[in-house]
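Just so it is clear, A, B, C, D, E and F label the chains in written order, and each chain counts residues from 1 on its own.
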Amino acid sequence: MILFDSISAKEQSSFAIRKVIEMIEIDANLIKAMLRNGKRIDNRKSDEYREISIKPEIVQQAEGSAEVRLGNTHVVAGIKMSIGTPYSDSIDKGVMSVSAEFVPFASPEFDSGPPSEESIELARVVDRAIRESKMVAFEKLCIKENEHVWMVNIDIDILSDDGNLIDAASLAAAAALMTAKMPKLEMINDKPVASKEERADRIPLTGIAVTTTFVKIGNVIVADPGLTEISAMDARLSIGTLDGKLCSMQKGGSVGLTVEEIEQMADMALEKGDELRKELEKLVLN
Amino acid sequence: MKEEIKLIKNNKRIDGRKFTDLRPLEAKVGVLKRADGSAYFRIGNTIAIAGVMGPRKVHPKHMEKADRAILRTEYRMAPFSTWERSRPGPNRRAHEISMVTRKALEPVIFLEEFPKTAINVYIEILQADASTRCAGINAAALALADAGIPMKDLVSSCSAGIIEGQIVLDIAGQEDCHGELDFPIAYYPKKKHITLLQMDGIATNEQFKKILHLAVSGAEKIYEEQKKALRQKYQAELNQ
Amino acid sequence: MILFDSISAKEQSSFAIRKVIEMIEIDANLIKAMLRNGKRIDNRKSDEYREISIKPEIVQQAEGSAEVRLGNTHVVAGIKMSIGTPYSDSIDKGVMSVSAEFVPFASPEFDSGPPSEESIELARVVDRAIRESKMVAFEKLCIKENEHVWMVNIDIDILSDDGNLIDAASLAAAAALMTAKMPKLEMINDKPVASKEERADRIPLTGIAVTTTFVKIGNVIVADPGLTEISAMDARLSIGTLDGKLCSMQKGGSVGLTVEEIEQMADMALEKGDELRKELEKLVLN
Amino acid sequence: MKEEIKLIKNNKRIDGRKFTDLRPLEAKVGVLKRADGSAYFRIGNTIAIAGVMGPRKVHPKHMEKADRAILRTEYRMAPFSTWERSRPGPNRRAHEISMVTRKALEPVIFLEEFPKTAINVYIEILQADASTRCAGINAAALALADAGIPMKDLVSSCSAGIIEGQIVLDIAGQEDCHGELDFPIAYYPKKKHITLLQMDGIATNEQFKKILHLAVSGAEKIYEEQKKALRQKYQAELNQ
Amino acid sequence: MILFDSISAKEQSSFAIRKVIEMIEIDANLIKAMLRNGKRIDNRKSDEYREISIKPEIVQQAEGSAEVRLGNTHVVAGIKMSIGTPYSDSIDKGVMSVSAEFVPFASPEFDSGPPSEESIELARVVDRAIRESKMVAFEKLCIKENEHVWMVNIDIDILSDDGNLIDAASLAAAAALMTAKMPKLEMINDKPVASKEERADRIPLTGIAVTTTFVKIGNVIVADPGLTEISAMDARLSIGTLDGKLCSMQKGGSVGLTVEEIEQMADMALEKGDELRKELEKLVLN
Amino acid sequence: MKEEIKLIKNNKRIDGRKFTDLRPLEAKVGVLKRADGSAYFRIGNTIAIAGVMGPRKVHPKHMEKADRAILRTEYRMAPFSTWERSRPGPNRRAHEISMVTRKALEPVIFLEEFPKTAINVYIEILQADASTRCAGINAAALALADAGIPMKDLVSSCSAGIIEGQIVLDIAGQEDCHGELDFPIAYYPKKKHITLLQMDGIATNEQFKKILHLAVSGAEKIYEEQKKALRQKYQAELNQ
């Protein structure tokens, strides 16, 4: 319908059709019926992830950054570092803060406004996977005990939500941490100052934590749920892992899980977590 | 400068408990005059009060559901409940706890009995000494029952964790800051379903499975105390 | 109606009846008619308070705390102290701040949201009774002139509103102040720091201010109005007193008071104030 | 470091007034083009402008009353009105003053004449030198009259207080920070009703009664000035 | 209708009539039709401003202040100064901040709430005219490089909006700057402190920037649009000038302007700007 | 302490461009799966993504117009897009840019085709290196086209300015902080209308006119690139 001289009527109609197809809602019952027969809506195996693309260092202004696509889910993580004061209960450690925001075009359901419950949970789950795994050597981010430490701000921009934001965001945060360069430290009048444009060392890491998310739909457990699977899910479990250990968990969804189901997901998380870590390491070796 | 704190001595925890002991607990139902249902739940030095308002009309109206009630939960900490005064008003942590609390309770409530209404659950932490979300959920389940909301079961919540390498039940006090792992769950006993699960800290897969079973056993003990509190309340009413 | 095996049908019905009774609204006209015949709805004398219960030190984490029940009105006050900088117009005095919040279950009318007009007024009236009476020796809460002073945060949690929150909150604040223990003062690198868990002295007080509240309904003046009396009231006057003097006043309600009515309330406030003070002193002697 | 300020010398106050004098005052009605009613009230260095909008539809609708208008009041201080810049936006003090102002004015307005509407009164303090709530109420009463809102009477507001042990009328300037007691009232003259009353500071019962009577006498003087301003406005309109 | 003994029935009716007349809406089409015939609704010439009244120093508590009336548009600007720290990218310069607020009685359309788009734009346009023209010698407002500078807060109170707030506010800000007196600087414990009540020097100015606003209605361009002209306008251009140069511009309105129209407005702005500057200078010589 | 930065050497700008060069640019249409229309626009190190949602129902309803769609625009900066982290949430600058962006786009949209709806345009600046509002508008115009919104034309936006006395096109990098004048415009090419115009900095009338013409010529170049991006998108769709 766009009145633009170079676009023909035919083009316009193909365009309109695409929009209609997109609007057909995939039925949650269909998904459940297919799963009972061992099929996912996009033919993936139950523990198979969608195609993953990870591009680090896409924002020059940020100390670290990465764009992650997980199928049509699309997030950007950016890291900004500055110098601040430590918390009084950990005077010799750097400080980290993780935020996540839906850009309003990420999803038709989204309305602009204060941070949603979902983005708060997302940020906190990503935060905990990093913090609890001890993957960042925060004790090395102390500049002067009780006075100056590095502050690591990780911001997640959600550009497109097609399901499983938690894993996408956690991959993006990890990739940004792995490739970030800290601002050069300068001393001005005996006070440490972060150089605005000069960068120096990498952020000290002890390993790479990733999150793997599973949903239970009926009696079936699948990994990396897409948006339509999430709309049909009963329960969700996101599990952070690092080097063969579990480091954080968060259950979602309004149905419970049995002990056995949780144990099964923990087993799968350790396996899939290693695969995702390999993807990330490939990236750094490049 | 930092002193080493020993959390375990002679197979006893710093407050004298054994590894699988809960702190002393107290549960009372019907403690608030002007709420539709209410309960008090104390475990050690953690005190939660829950009040239920509803079912009532949904405001704003566009949030109502044609086929069922919506459940709303709000977890709050009194400003004086913590060592450092906590500013009034919800922060991100409180928002998240409100959300996981809601999901922990939803499975047991017959929401479909009250279409187009809201059931509001408010939890106030008067004193915070670890496992506040668990205490809040335990109080909330009792308050829902007190409000006469039809339920399939109660929900019982308990934490487990690791301190100095040892798996223990119901983290408290110094164990909270200096322990290695915190693991709160909520449990729907009749169905043996875990309705809340969070984990912070590193565990091997084997350790994890032990902790999970220990937390469930703790929730089962709390379930008995909750039922006792409910019976007392209704007994008292019958005797009036 | 709860589907819980141990609760019988009979229990359920007794429960339902209780709820119905609670829902019957007591008519404001009935209250007025009764008062014309010299009767209050709960048979109290015009200057009689409901049963008062005061429990101090109920929150270990707080420097001071107290729970007050005035009939079914139920509040908790908590005091937290910290070290801050003095105001530039009183560089040698401690700082106090009073806040009040309705916990949403305090009243069915209440909706969660920003602090209501009523809770703002409540906090300010409690604040002024303490501040203007000079009951706290703020000059003794100075640590170093122009640099460090004690900050006294008094927070009122309203758990159940059955009328006359002002007097309940002011009793709770007074009881919390009377029984509070200040954090121990430590010097770290020549800077005063409040110990997190060790407590030392009491807050220096010069006396005990209390607030007494009266409402005018028609031509009758009654003390300690319950919720139904408040719904029928024309005007309200809250009067702070200390040691036989008046120290603060706040009128409420949308009808005026005559000079004579105000004078009568002032006389009553001085008398009832002494009674409430005795209740509080009893508490401290225990 | 602090100098002693003498507020009273030779039975005169620091600005030369006698104990029972008001500051010079000025009242004008109809000062704003786009409000339904407006007024300017200055007493000494305190300047208030009030504007009335309404009766108009209530937004949000659920606040409207079927049998009467609702009165809404908003008291604000211009950021530059005080020695230290005051941040724009209402603080708790402004919220409280808005509320007591509303209650001070309500008794004289025939709200039942305009069911389902709102009458909005906005007060802007351009310059603050003590007794700003009184100046605001005096301006607001005139602005309501200017808007043609049916009223039983005006409301007149004035403060009294104690400085250096002496009972005085209309606290101002240094008296505000260094005085011992501040006592603002609003007065509904025809009915001899006090519609606002606040007291901050210590007084014996005897002192209090004297202050109360003095404040009323001050409000009565202001009432005369308000009536004068209204007459001038209508005289001017008739002469057009 | 006011029930006040001294007001007669006749007075009441004249009053009611005035209100009715005010409520008649002037039709945008009428304005356009008149303009096609070269007439403005109030008979002004196309480049003629309404009557301007400027009263400086009307608020004693403010360092500088001015009341401006432009026809029935009515604003007050007030300046408060304090001592603060410079921005890290201009460590030797004073800091300025401009805010504007609609007092809710300024316009019947206005509803109380967060700052509107219009007041944000107003403040930013006034700010830029002052800042970009370099009329304030900010380098002279440095007290100690990198440590202490003067902060200049300019607040605009909009009392009555009858159109062209931008020019009225910019005149008021300029008049307030021209007549302001800075607080006396005192040193207390080697720290600079602004005296609360004593005032000293004027704010160092290099010239006087003013803003002139034009609207296009149909094919006609007029200066100083009144409220009814604004309701009929297609596009608006506000142009800041100082000493024969252009220093800031802001386009408004939802219709575009041609290059020629913009050039014409720039020419007019330089001419009208000089006239407004003369008005302001007259004020200072008084 | 401040070093002098030379922005122009040998008639070349600090990044090697000639005075009337644009930075290298890249435009892509249809980059977001879940938006109704979307586009990516990069010019040098400034990256904007725009997404369009709508036409859809207006919420809150009282904002809807009976005879046309309303256009809503929201300009945001990613927190990591600038050298100093920018706090999330709109500040006054972002509010103003959202507004001028809306007015820049409105003239080309057939809003009357979708009465009682809202068309929402969201712009996210991923990387900010001057002229972000221009990049945002360029992306937004493409995203509107991608969403199938009927338009009279695209809108093309570009900045010009003065650095070291020299008039240049498309201010970038150091030129932004150290330049003398910044002049962003938006342009509706078919009608030769300027729909956004802002100027910050001092210019003679003569200089101003040169800058104005230069900015228009820049916008015309960008217009060609935008059309190219649109053609690529539709060509790709036809080939599917």
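In this section, a contact is a pair of C-beta atoms (placed from the backbone, for glycine too) under 8 Å apart; a residue touches a chain by one contact, two chains touch by 3 or more.
For clarity, every value in this text was computed on a predicted model and none was experimentally measured.
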item: Where chain C and chain D overlap in contact partners, by chain label; value: none
item: Lowest number of touching-chain links that must be crossed from chain B to chain D; value: 2
item: Farthest chain relative to chain E (centres taken as mean CA coordinates); value: B
item: Taking each chain's C-alpha mean as its centre, the one farthest from chain C; value: F
item: Of D-E and A-B, pair with higher C-beta contact tally; value: D-E
item: Distance between chain centroids, defined by C-alpha means - chain B, chain E (Å); value: 57
item: Chain A and chain F, separation of their C-alpha mean positions in angstrom; value: 29
item: Separation of chain A from chain E, taking each centre as the mean of its C-alpha atoms, in whole Å; value: 48
item: Category of the chain touch graph - line, ring, star, complete, other; value: ring
item: Starting from chain D, with chain E taken as the next chain, the full ring order; value: D, E, F, A, B, C
item: Chain A residues touching chain F - in the complex, by the definition given at the top; value: 1-4, 6-7, 10-12, 14-16, 18-19, 58-62, 65, 72, 74, 76, 78-80, 82, 99, 101, 103-108, 111-112, 115, 153, 155, 157, 159-162, 196-197
item: Chain E-touching residues of chain F, taken from the complex the two chains share; value: 1, 92-93, 95-96, 99-100, 103, 106-107, 177, 188, 191-205, 208-209, 212-213, 216
item: In the complex with chain B, residue positions of chain A that touch it; value: 89, 115, 117, 120-121, 123-124, 128, 131-134, 237, 242, 244-259, 262-263, 266-267, 270
item: Touching residues (chain side chain B, partner chain C) in the complex; value: 32-36, 38, 45, 47, 49-53, 59, 74, 76, 78-85, 88, 110, 120, 122, 124, 126-129, 145, 148-154, 227, 230-231, 234, 237-238
